[in-house]
């Protein structure tokens, strides 16, 4: 199990690195962003809120850097990420709490589904190398080069409209109040299909290509020839011998590129005005809402680390050689 | 002993198609008799492995079979041509009748499945009606057969030593009691002690179970010791075929002679190790005539012009004019102009 | 046994032979990619001169569809979109290549050093690249660029280059580790060859393909990232790029107004450039790993007229009779 332990140490280290980056970056912001906000709020801010922003931005000139760092960590541990400028006077943690479930639902599900479907398709194309399926490769390459958000724009242009089933924006019908009844859930699904489809199509393409290449590489391994020599069924050789081994590098590739994929998928939210972290990030950039930007960076980083860890666990389950290690 | 179990007739194998095709196997005739160990020797690139992969149709692209027959004689049935089988028939035929032990056991086992899975899936594929308990019992039996304790069933390949993995492969090859076992350099990657242990065990198993073996190696001294008959390949052709003792005592083809002298003999009189000058020919630019003539110490003018025909050398055969398909193991054939063959009409 | 998970490029890098170099250019995928890339590079150089209008210049043709005067139509301010796309090419290419070069230099330094030297320092460098690898790139870029007093094309390129070297470093480290154990490297070390000479003359030449593929990969990454940043409004000052075009299209509700011409050309240009770069990378992959090569024809005709596909496990049989040179069988 020391493999997992090693990974956990690594993720804790990375999380610490992200937090530290988050600590130093605001100290490089020119001017005094907090003062501007305080002036704008005209005394509506409590002293505590002002103090919290000062800690966040290192405007506490009396404290040493070490003191600043520890009070920042302490504040983080309490879940205090400061106040959002855009959603003033909501604290950042509350804004994130509103956005995170939507992002987890949309991006989380589609990223995993995209990987699974793409890998399955890549398996088939790689296995039937030289057949008609190869004709899909140039198309797939082209699709994988399209930015996610642009595909979203095209989807909106082509598939939405006054008479269309698909709404062009939002996560649910504005007239509904979020509660777990059938009508609301139906509306959520209806709003989710198009953004989900966009992410699926663009993220699948990459996995198709990489799995296809791995299948081609693995197909000439000795154990696959042995499997053919044993007279096993085509399906058994393809799934149990070739794909089962080709999957391993694809899973670690998945873990490593999560940080990149998530960035792309967040933009789909912007295009569809989907009320998740991506849209909030967009608004935060527009309004120079530094606390919110940082909060989003932190929460996305932590989610990606967690997802990475889950991918590691999956890898561990898939590759017996890792289990022995250490 | 004399009836054939596998007959290869006029087999031709190419790599690539059309203009770029490289002829890797040319007109190979070879017969494997019931219960014998037939050795196949030659330097790397001589086509011996290509022959093994070709006759089982396991040659990866761009390999293609451009002609010939591979006749398998089942017990008391009509011969079937492996090259005419469709994929389904080929799948049924594989492993049940002809099993293969590949070069490098390191990569022959699937790294992500347990030994038990890899032993039982082949049994299940050929007999889906059996119970999983029966299959597991058979797997245990197979490991026992090759001298591995049954608790290794649940191991993964990386947990076994190289020698153990090769034993597992041999056990796996015997899972369906095939009539023919093809072994492609089965022990090359192993150290000498383990190598001989495994081969001795193999000979013992063969005596007990009565299968025939095609044994492929570059190590001729190993073949002299373990096989009944030996065929020597050079440049994609068989250049000599004889009983091992005859070949060892009196190699007719200069190449066989050179090959014998490049390995230290383990038994019998000591020879001087000389080796063969030069290197094996490139399949892309095969010399004209006899492919061996540029390296041959006895090369004549004719050797560079005409391809020698494989046949019974007049000075060595007891009965002249023996047709190719009727020869007994005691007979020998050679393709060399030093021993011109009687013209049987061609 | 350590498992080093790497994708595609993780193949043994044999000593390159001169003849193989030519084969790379002869690879149809790589050639197609390079031709498209050459086209974009040309536009990047001469773009400002061939653009028919000033990309920021307004006119009275507000929100017009494509026409002879405006090939890609106009914006809500009457700006010519064709000129915006043409002029914007330079920024895209410049960012891609500067970021690619910076990241490649860093990845070679970090990857080869940590792969060759070993020890605690090596582990530390490896951990560092893994940290940069898992940190989500886009949010990181956003918080970094948000602190910069001004963002020009150059600063964006540098920030992308400085943060995106980790993938290349990881692959190079794995390759260097495997090369380090090769006989000829061991031999060079045994004879007391200087470390920098071994790295320069024994290791690096064998990493060429991996480095090239890493460079192309980073260029794809950088171009996408630049366009993405511009799309959400973090852009290079007054410079036009394809992302800026899309940013204005999005913020002016081009979709709702049915102005498809506003976002289609820039998007297609991105996809085309991305495809070209991917094709070059496929060429490199196939060059390094011959298994991936298409190998020309995969379907063969048998003597009796059937077409069979070449595949692993079932060698096609073209004729069952004796071959052309074969003797007659009785």
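Per-chain residue numbering starts at 1, and chain names A, B and C are given in the order in which the chains are listed.
Methods note: a contact is a pair of C-beta atoms (placed from the backbone, for glycine too) under 8 Å apart; a residue touches a chain by one contact, two chains touch by 3 or more.
These numbers were taken from a predicted model, which means no experiment stands behind them.
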Between A-B and A-C, which chain pair is linked by more C-beta pairs in contact? A-C
Chain with Cα centroid nearest the overall Cα mean is chain C
Cα-centroid distance, subunit B relative to subunit C, in whole angstrom: 47
Let me have the rounded angstrom distance from the C-alpha centre of subunit A over to the C-alpha centre of subunit B, please. 55
Rounded to a whole Å, what is the gap between the Cα centroids of subunit A and subunit C? 22
Residues touching two or more other chains, restricted to subunit C: which are they? 1, 298, 310-314
Shared-interface residues of subunit B (touching two or more other chains) are 58, 60-61, 87, 90, 158
Which residue numbers or ranges of subunit A touch two or more of the other chains? 130, 220, 225, 227-228, 248, 319, 321, 324
Enumerate the contact residues on subunit B facing subunit C in the complex. 9-10, 12, 17, 20, 26-27, 53-54, 57-69, 81, 83-84, 87, 90, 158, 323, 325, 346
Any idea which subunit A residues touch subunit B in the complex? 130, 220-223, 225-234, 236, 240-241, 244-245, 248, 318-321, 324
Residue positions on subunit C within touch of subunit B in the complex are 1, 295-298, 300, 310-330
Partner subunit A, residues of subunit B touching it in the complex: 56, 58, 60-61, 87, 90-96, 99-100, 102-104, 107-113, 121-122, 125-126, 156, 158-159, 169, 172
Complex contact set, residues of subunit A against subunit C: 10, 13-14, 17-18, 21-22, 25-26, 28-30, 129-131, 141-142, 144-147, 149-150, 153-154, 156-157, 168, 210, 213-214, 216-217, 219-220, 224-225, 227-228, 237, 248-253, 256, 258-260, 262-264, 266-267, 270-271, 281-282, 285-286, 288, 290, 293-294, 296-297, 300-301, 304-305, 308, 315, 319, 321-322, 324-325
